[in-house]
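You will see two complexes here that share subunit A, one where it goes with subunit B and one where it goes with subunit C.
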Partner chain A sequence: MIRYILKRAVSILLTFVTVSVIVFLMMHAVPGGPFDGNDMPVSKEVRDKLMASLGLDKPLYVQYFKYMWGVFHFDFGVPFQSPGETVLQLLARAWPPSLILGGLGVVIGATIGILLGIAAALRRNSWIDYIASTLATLGLTIPVFVISMMLILMFAVFLGWLPAKGWDKPNSWYLPIAAYAMIPMATYARYTRSAMLDVLNKPFVTVLRAKGLSERRIIFQHVLRNAALPMVAVFLPMFIGTATGSIFVEAMFRVPGLGAYFVSSITLRDYPLEMALILMITMMFCLAYLLTDIVYALLNPRIRFGGKS
Partner chain B sequence: MTLPRPRRVALGAGTSQTPEIPLMRLLDIQNLTVSFSQHGGLVQAVRGMTLHIDQGESLGIIGESGSGKSVTCMAALRLLREPPARITADRMVLADVDVLKARGAELAQLRGKAAAMIFQDPMTAFDPSFTIGHQIVETILAHRSARKAEARSEALGLLARVEIKNPAAVLDSYPHQLSGGMLQRAMIAMALSCRPKILFADEPTTALDVTVQAQILQLIKDVQIEFGMGLVMVTHDLGVIAETVDRVLVMYGGRVMEQAPVQDLFDTPAHPYTVALLASIPGRTGGRRRLTEIPGASPNPANPPTGCPFHPRCPVAVARCSQDTPVLRSTAPGRDVACWRAE
Partner chain C sequence: MTQATPRQHGPLYFAWRRFAANKAAVVSGLVLMILVLMAIFAPLLTKTNYDEQKFLTDAYAMPSSTYWFGVDDLGRDFFSRIVYGSRISLTIGFSSALFSVLIGIPLGAAAGYYGGAVDWAVMRLIELFSVVPSLLAAMLLGALTGGGFFTIVLVAALFGWVQVCLLVRAQVKAVREKEFIRAAQALGASPGYIIWRHLIPNSVSPIIVGFVLAIPLAMMLEASLSFLGIGVPPPLPSWGQMINVGMNFMYFYWHLAVFPTAALAITVLAITLFGDGLRDALDPTLKGR
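Right, the complex of A and B next:
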């Protein structure tokens, strides 16, 4: 296990470096620069001076190594679009709302989805199965900004129970989290249902019944445990969305999260912020999959203990 | 093939009309039907099955695949999903409990304790996520209040009883770490863990290597005698029947064709189907010859033939066989035959 984790750590490092090179090259391959905007035109001399002050006049490989050296020391530079703070300070300010919104959205959505999936699998072809399937299909097919719009219309405009936007008041959290939870809920309802049905049809479930175990014990100890295996595989990667922030949900509800910076860092050629955001996601992807593999091994004795002894 | 002497000729092994109740009647099924609704149609797996088994007795149910033998056992423990399965019976009593009326907790108490079951494929019979020990211990604890450590040492003893060499290691093994023969032994140990009155063995050796089949059969026979259980051995293998049971029930097309003490069945088969079945055992008549088969195919359970289910393949069928369904009637002491032509 330790050997396996070490091996994976090395491959994560390689992935990280590869992604950083590709993203850095692509970022600079895009025509235009941070001071080419039309809203605030600057003369050529001023622009050259600005570029030189930011080190952007140096050859690309110098810029790359300089930046990566900084990353190595947890210095991600200063965002061009907000020079009053460092990239890290910007992340510390804008990430928490995304993290809370996404984290709660995934947890709540997954919980409801799992419960719906279990109920649907146990009462196949009943009304609860049809409701679960309908909700799952709607959640996956209706774009999240349409769902957001419907929630705003319903609860903010017609009923007037909740604010339509913002993040500062406690009751302003409900609608964005609900909108965010739709996709995890739908995904989990479908996954749980099919994973449960798959296990319920296994011969060992009949054996468990023949032993005289209670139905509750069979479902909650044996069936869920085995159905959890395929479910774990999709769970952690879902949390990566909490870093990218749902650009749509945050935009619809005016949540001051990280989502908007993904777009602006590209359009404004904000190189340091763009690099920092993408490296961060890369890291989260790698860690999420590593963690998934570890949890998977812990849950599955066939991986943990290998073949016949 | 050597046939062992039946240990005890079953008492009152007659038809359902037999009034005397010998020893303790463990399982009494009368006129059981099991059907499955499938794609609008109705598949009749068991069509009027009558059987009984007494304490310490062993009954073999033989028949080809689809004859309804496994379904009968599953129905006796209500292990079929209902719906799609639909079970009816004039009487179905297992250890003094009306199985058809039992529900939830009552049924759970019956399973494992009154009657345990050994399944065909030991490789898929255990939950892959838990150790063998865990799965035996949970069976014990489901039926009896005991401390976990007590249940564990009991499980250890059971594994030793089923002739597992290193029971402690097997106790902590996961199913994927053991061989099929080992798992089948563990399953027998698990079945014995609550001292059941009846043991159903549904093709217990079919999925095993030939070399371990005989060992497993011997083990089942030994523990049956040791624990004084009734045994229902379901199989399509006449050799298995000859070696393990006292009384045999021949099934075809969801019906009982013939019932007789094992020795009598092999010596003087009465039903044409039994005759054909015995004739198809290779090498029974000695010398090299072409393998004998029964011409034709098993009846389609979704659309069974009228009259006797065997009549389309029967060499001695007469006109009546395709119209009237023969009832099971006693032709000799301990023998029942469902055939118009049998005397």
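Right, the complex of A and C next:
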């Protein structure tokens, strides 16, 4: 058991380090540097001095190790595009709107999705099953900015019920949350339905029915609990996915969050911020997968006792 | 004296029967066919080319009998741009799906056939692609190569092969245990020969399914990158980029936002439903997964 977890942890750590090297190399391979912009042209001497003061004139491997050394001490450097604060301060300022909207979206979407999935599994081939599968297909196929556009056109432009953009008024939160909620809702409707159907066909459910348990208790106490494992596994990756989703949702709804920095850090060659953002998301994905592996190992005796999985 | 045997049907016949019973898939197939024809015969359907600014005096004109989808902000017939947009979207979708398959088949087949260290290496590679936020990496790659049509095809393939690889790997792993593979090995066939002559032909259904399901992913990536302004360079008509422009005018000139949004949504939905139908028809055991 401990050996298994250690093995997974080492493998995930290797993946993380590989990603950090590749991203670092790619980032610096992009032509142009942070001071090549046209809006504030600087002479070559000034640029060289600036580059030297930021350590950008050193060989790449030196820069990489220096940056990663900082990362292990929670020092992600200073963003070039706003030098008055550290990367961590920028994140502390810009992340909350994204986290609030994304978090609410995922929680609400997942709740609706689970309910839809249960209803669809219990009433197979009924109208609710068709609605659930249609919504699931829509949410999983259509890009989030197209969904946002549809929501804006419908509720803000044609009906005029809700504002299309903003962050300060509470009623401007509804549409971005709905946009964030689509993917979790679709994913959960699909997962819950298939997980429920898997469990409902197991012999122990027949035994419970024969025992005379009420259908409600069978569903909520036994079936749902057994179907929960695959549903727990997708939650964290989905929540992390809202971070990249924020690029589009926040651009569409003009929310002052983290989204815009993903794009600007790349276009402005803002190396510290770019590296910090990509590393944070990669790290969160790594931790989420590791956590999932551990939970699975704890719950699944076949892995726990070192057998074949 | 010939004995009357009942008519035999091949597996393709049953696959077709299952596909035809799926109404959503059949309708999507028809929509997809219309879209492909539209893309091929775009010059016959439209009055102007996609980049001709012929109607500058009528810029922002609403949809009418002269301009079916209106005129955009730069005086171009919007119907022409939407129709030519299907060329961009479908070309990128199909060609990057093709590249995804070309990367996914050898890796998946090797991982499934050899197992052990090869499988471990391929699975680590897949793990690598699953922890990297694909959109950010695609943006970075786009910036690295300066964007452009062919770059997007390659970037989409780079992130699209994983699914094909996993499907092929699972199929090869299952077929490898069959007796005829054992027989081929006993006769001294080389691994390359076995993979090429026996395992890949037996993996045709997952390959087709993987190919079709990789198309909408690539189209979405292209639209997303173009929406952010780092995809297909203008004046090439990309629906994603048109949505980005239309967003600025949606309160007054709603047609500039509605038509590209609808075109992209319909196309992606049609291909996905068609692919789902194809998967259920070719391999009923995968249904609902």
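The definition used in the following text is that the second predicted complex is superposed on the first by the 272 of 309 C-alpha atoms of A that agree within 3 Å, B and C clash if a C-alpha of one lies under 4 Å from a C-alpha of the other, contacts with A are read in each partner's own complex, and residues count from 1 in each chain.
Just so we're on the same page, contacts are C-beta pairs under 8 Å (C-beta built on N, C-alpha and C of every residue); 3 or more make two chains touch, one makes a residue touch a chain.
Computed from a predicted model, the values in this text were never measured in an experiment.
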item	value
First (subunit B), second (subunit C), both or neither touched by A:P203	first
Which of subunit B and subunit C A:I266 touches, first, second, both or neither	second
If touched residues of subunit A are counted for subunit B and for subunit C, the larger one	C
Contacts on subunit A seen with subunit B and repeated with subunit C across the two complexes	none
Subunit B-touching residues of subunit A, taken from the complex the two chains share	202-204, 206-215, 217, 222, 225-226, 299-302, 305, 307-309
Of all residues in subunit C, those that touch subunit A in their complex	124, 127-128, 130-133, 135-137, 139-141, 143-144, 146, 216, 220, 223-224, 227-228, 230, 240, 243, 247, 250-251, 254, 257-258, 261, 264-265, 268-269, 272-273, 276, 288-289
Residues of subunit B defined as touching subunit A within the complex	74, 77, 79, 104-105, 108-113, 116-117, 119, 121, 124-131, 138-139, 142-143, 169, 173-174, 176-179, 187, 190, 194
Subunit A - residues contacting subunit C, complex	11-12, 14-16, 18-19, 23, 26-27, 29-31, 137-138, 140-143, 145-146, 149-150, 152-153, 157-158, 164, 193-194, 197, 243-244, 247-248, 251-252, 262-263, 266-267, 274, 277-278, 281-282, 285-286, 289
